[in-house]
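One chain, chain A, links the two complexes that follow: it is found with chain B in the first and with chain C in the second.
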Partner chain A sequence: MIALTGTPRPALPQLRLMGIAVPIAVLLALVPSFANSYQTLLLAYGLIIAIAGLGFNLLLGYTGLLSFGHSAYFGTGAYAVAFMAQDLGVRSMEAYILCGLALSAIVSAVFGFICVRHTRIFFGILTLALSQVLWSLALKLFWITGGSDGLRVPRPTLLGGMLTYTGGGFPRFISYYYYYVLVLFVVCVLVMWMIVHSPFGKALQAIRDNETRAAFLGLRVRRFRWVAFLISGVYTGLAGVLWVPLNGLTTPDILYWPFSGEIVFLTLLGGFRNFTGPIVGGIVFTFLKTYAVATTEYWQILLGVVLVVLVLVLPTGIVGALAQLIGRLWPQRAD
Partner chain B sequence: MALLQTVNLTKRFGDFRAVNSVNFTVNQGEFLSLVGSNGAGKTTLVNLISAQLWPDTGQVLFEGRDITQATVFQRIRAGIARSFQLVNLFDRLTVLDNVSLAIFSREGKARNLATLAEGDREVRTEAMDVLGLFGLDTKRRLLAGGLAQGERKLLDVAVAYALRPKILFLDEPTSGVGTRDKAQIMDTISAVVRAGTVTAVVIEHDMDIVFKYSDRIVVMHEGAFLADGLPAEIRVNKEVATVLLGAAVPG
Partner chain C sequence: MEILAIQILNSLFYASVLFLIAAGLSLIFGVMNIVNLAHGSLYALGAYITAWLIGRAIAGGSGASAIWLFLLMPIGALAVALVGAVIEPTLLRPLYRRAEEYQLLVTFGLLLILEDVMRFVWGGLPLTADTVVDALPIVRILGQLYPAYNLVVIGIGGIAALGLWAFVYRTRFGVMLRATSQDRRMASALGLDVGRVYILAFAIGCFMAGLGGAIVVPSQAAVLGMGVDALVLAFVVVVVGGLGSLKGALVGALIVSFVRTAGIQFFPEVELAVLYLIAGIVLLVRPTGLFGTA
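Let's turn to the complex of A and B:
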C-alpha cells in the first residue's frame, strides 16, 4: 500500500530533527557576525521569550491546558535573580540559573498542584488568579521588591568569569550574552523535543485528546498534568532568569496578566499545534512588538489587529500555515 | 470459579433504579453478551464494574477479591478493561501511538520522558502485533481521527485489548457501522478473544450477532436480569422475545 501511494518512508525522528535544527542553529550562531548589536539584542530577547513559549506550549499544545498565568513563573525567575544580586551580592549567571530554576520549580509545583484539579476555563482562571497574587505581592512589598520601581540587576559574570566582556562595553556583552542564551536555547529545544516525543509526551497528548479514555488506559491524568505544569513553569522561569540581565531591571509588569497574554499571543502567532510554533512566534513577536512600538504610539492596536487576522485567517499560526502550504505543494511528503 | 461477580449491585438516579440488586457472574474464558432494550441498565452495569460510576449498595468481586472501593486505576491494574459506546480514541495521535500508549501504560513506561517513544522496539513490535490481529497494521501511520468508522471501532477494541486485560467489556462494538462491517468486526473480536486468554463481555443490540458469537447471554430489563442462559435457551424464551420487541428473534 505504501509503495503504491508513493509515500516515502519517513526518516527517523532524530534525523528529521537534525536536518532542520542544525542549519538553523548554525544560522543563529552566525547572526552576531553580520547583524548589529541592536539586532543581536532583539534576537536574544526573541530566543528567551521563545523558551518561555516552548514551556507554555507543553501545556497548551500538548496537554490541552490554556494557562493565563505564565507571567508568574517568568517573574519568579526574574525576581530570584534580582534578590540574589541585591541581597546576596551574587554576580554569577550560573548561580542565578540554578537558583531561578529551583525557585520557579517550587512555585510552579505548588500552583500546578492547585490548578490541575480543574480544566478548561476553570484552569485558566486559577492560573490567572494565582499569578495576580504574585503581582500584588511584588507591588505591595516594596521594601523587598522595590514596588513599582522594581529592582536593578547589574550585568552578571558568565561561566564563572571565563567570558570577560569588560572593556568591550555593551556590544561585547551583547554578543557574548547572545551566545550564552543561544546555547541554553538549543539545550531547551532538544530537551523539549525529547519530552514531547517520549512516552510521557505521548501520554500528555492522549490526555489532551481524550481524558476519559486516557484514564481508562491506567494513566493517572492529574499527575501527568501536574508534571507537565512543573516542566512548563521551569522553562518559563528560566526565560525570566535569562531576561533580567539583558533588561537590567525587573518590575511587577512582568508578573502582571498582560504579560501572560503576550506569551499566549506569541504561541498563537507561531502556531500551538506545531513544535516549532512558539519558537517562531517568540522571535517574530519580539521584532513585531519592538517595531510597532517604535513606529506608532498605538502599537497595541496594531498587535490587536494582528491577533484578529491571526484567528480569522491563520488559526494554525505561521508555522501551521507554512506546513499546510508545503503539504499542498508537495502532497506526497505530507505524512 | 467466577472471574467476576456482583452481589446485589444497585445504582439509583433519583427514584429511578438503573441497576436494581443485580447478581451478575462472568466465568473465566467465556464470550458473554449483555442484551436488553435501551435504558435496561447494561451500560450502567458496566460503568459500575469499571468504576466510572459508584454503586449505592452492593459489591463487585474480581477473582474473589472485593474491589467495590477500588479506583479506575486499580481496576485496570487488576485486569479490567473496557471500550466505549461512542468511539473514544486519541484522534491526533497515530494508530500505532494509540495502541503503543496502552502498552506503555501497562508496562509502567508512560512516565518515562527521557527516551523516544518510537525507539522502544519491544513496545513497537507488540503494538504492531496487536494491530495485525485487528487488521490495522497498514494504517499504523494514519491519525486515528482519519480512520473510517468501522476501523475506529476496531482500533477502540485494539487499544483496550493491548492492556492485556483478564476481562474486556465492549460497549456496542458494532454500533454505527454497516451490516457488512459488523460481521467483520465481530469475527475479528471473537477470533482475538478465542485465541487469547481474555474473557469478553459484549453489550450488543443486534440479536443475530448475539446468537452467533456468544457462549452465554444475559438479558436485562428495567435494571434487573430477565434471563441468563445459553443462546439456544434464550432463543426460545417467550418473555425475552416480548421484551426485546422489534429485535430479530427467529422462530
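Let's turn to the complex of A and C:
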C-alpha cells in the first residue's frame, strides 16, 4: 500500500521513499530545461491537480469516504484568490496562499462537520449537495462573482517580487511558476506522507477497515473523520489557489459537481489504494484530458470509456496495476 | 390571485417532470441499491429522442395531427428503457458484489459517455418540438392565458404517479420487485429470477426518466447539459422525500417545485442555494428523508 510495489514492506519505508522520490523530484526539477513551455505548463497543471488528488485520497483511500463535492474546496481556494485580486488589489502569491488556505479550512471545517455524520452513499450525496450551494451562489450572485463569466485574475508576484518575470513574458512566468508549484507540491507530498504514516493516519485506516472495532479501541471515529475531511479540503483548496494564476480566470464550472467527478476520476485512474496513485493519476489525467480535448470535440466520451474500463477491469488504477505487474515479474523480492 | 393560480399550475407542471425523474432514480435505488449518476442524462436522452421523432413526423407530413405526435412520447420513453435494458446487464451487473463507490463511478462514466453521444448525434443546438404545444389551444384560467399543453403534462404526471403506485403495490411483478428490494438473497432462494427483476426495474426507472424528458421537451426544447442540471434537482427530491420511497419522490417533487417557483418569484439569487440547503438540512435532521426507511 505504501509505494510502487506490492511486495512485503521493507524495514525502512522512509529509505525506500527517498530512493524513489528523490530521482523523481530531480527529474521533475529538470523538466523546464528540456520541455517547451507548453509542456511545462501542462505539468504544472498536473502537479496542482495531483495536490487536490492527494488531499481527496486521504478521504477516499485512507478514511474510506467518497466525497462527490470536492469542487467546493477547490473553488473556495480559487475564488478566494479572485476576490483578493479584484476587491483588495492584492498581488502577492503568498498572501493568496495564506488566505486561500484559511478560507478553504473554514469552509471544509463547516461542511465536514455536517458531512461526517454520515458515511457511504449519504456522505457522497451530502457533500455533493453542499458543494452545489456554493456553485449556485457563484452562478447567481453575479455582481460579486461575475456569474458564469467568472473573474479574471492577473499574474501574481512571486515571493514578494523576488522572482521577477517581467520582460520574460509568458515562458518565463511559466518556468518560475512551475518551480513555485513544484516546491509546494514536494512539501505537500512530504506532509501527506507523514500524515498517513503517523498514528493519526493509522487510526484513519483502522476506521476505514472496521469502524466498530476502531470505536471499541477508543478512537473517536467522527472526530478523526472530521480532521481528515479538514486536511483533505485544505489540500484541495491549495490546489485551487495555485490553479487560478495559471488559468487566469475562475468560473463557476470549477464548483459544479462534474468537476468533483473529475477529482474522483483522477484518483481512481492512479489508484486510490496507493499513496502515489493520485499523484500519477493527476498528472496522467491532465495530459490525457488536454490531448483528448485537442484531438476531438468528443473528449468526454473518451474519459467516460476510460473510467468505465478502469472500474470494470483495472480497479486498482495505474499504480496498482504496475505494482501487480512488478510483483509478478519479480516475485518474492528479497527486500 | 390570478398570478397565484398560474404559479401553482407552473409548480405542478414542474413537479410532474421532477417526479418522473426522481421516481425512476428512487425505484432503481430502492431495488438495486445503486445511485445512478447517469439518470439525468437518460432524462435528456428521452427529451432528445422524442424531439427528434416529432421533428421527423412533422417533416414526413404524415397527417401531423397533434394526437399522433402525443403517441411519439411513450415511444421516446420506451427507447430510453431499451437503452437501460442494455446498460444494466453489461455495465452494472459485474459491480453488485463490489463497493458502492465503484457503482457511483461507473454511472459517472456512463454520464460522460451519454452526454457526448447526444452531442454527437444531435449537435450542440437546442432541439425543439414546440409544434406539440402549438397544436393545443391556449386556455383562459382566471383571466390569464395558459397553454393547455402544460395541463396535459400535469395530467400525465398524475397518471404516472398513480400508474407506478398501482404497478408496485397491486401487481404480481410489483410484489417480486418489493421482495427483491427487501432481501435479494431470500428472493433468489425462493426462486425469483433476480437478474430479470433487476433488468426490468432498471428499464422501468429509465422509462420514467425518458418519459419525463419526453413530456418536457415540447415546452422547453432539448439542450446539452439539461441532464446534469436535472440530476442534482432529482437528488434534492429523493433526499428530501427519502431514497427508495415512491411517496417520498412525489412529496419531494412537490416541495422542490413549490419552493423553486416561490424562489424564482421572491428570491431569485439564492433560489438554487435554498434548494440544496433544504436537502442538506433534511439529511442532517432526518438522514433517511421524510418517507425513507433504509
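Descriptive notes on the structure:
Just so it is clear, the second predicted complex is superposed on the first by the 323 of 335 C-alpha atoms of A that agree within 3 Å, B and C clash if a C-alpha of one lies under 4 Å from a C-alpha of the other, contacts with A are read in each partner's own complex, and residues count from 1 in each chain.
Keep this in mind: a contact is a pair of C-beta atoms (placed from the backbone, for glycine too) under 8 Å apart; a residue touches a chain by one contact, two chains touch by 3 or more.
Being a predicted model, the structure only gives us computed values, none of them experimental.
Of the two partner chains placed around the shared chain by superposition, neither chain B nor chain C is touched by A:F34.
Contacts of A:W330 after superposition on the shared chain: neither chain B nor chain C is touched.
The partner of chain A that touches more of its residues, comparing chain B with chain C, is C.
In the superposition on chain A, contact of A:G201 is made with chain B only, not with chain C. Of the two partner chains, chain C is the only one touched by A:G261; chain B is not.
Within the complex formed with chain A, the residues of chain B that make contact are 50, 72-73, 76-77, 81-82, 84, 88-93, 97-98, 100-102, 104-106, 109-118, 120, 138, 141, 159-160, 163. If you check the complex, the residues on chain A that touch chain C are 60, 66, 68, 114, 117-118, 120-122, 124-126, 128-130, 132-133, 136-137, 139-141, 256-258, 261, 264-265, 268, 297-301, 303-308, 310-312, 315. Listed in rising order, the residues of chain A touching chain B in the complex are 1-2, 10, 12-14, 194-195, 197-203, 205-206, 208-210, 212-220, 224, 227, 335. By the touch criterion given at the top, residues 35, 37, 91, 94-95, 98, 100-102, 104-106, 108-117, 119-120, 228, 232, 235-236, 239, 243, 268-273, 276-277, 279-280, 283-284, 287 of chain C touch chain A in their complex.
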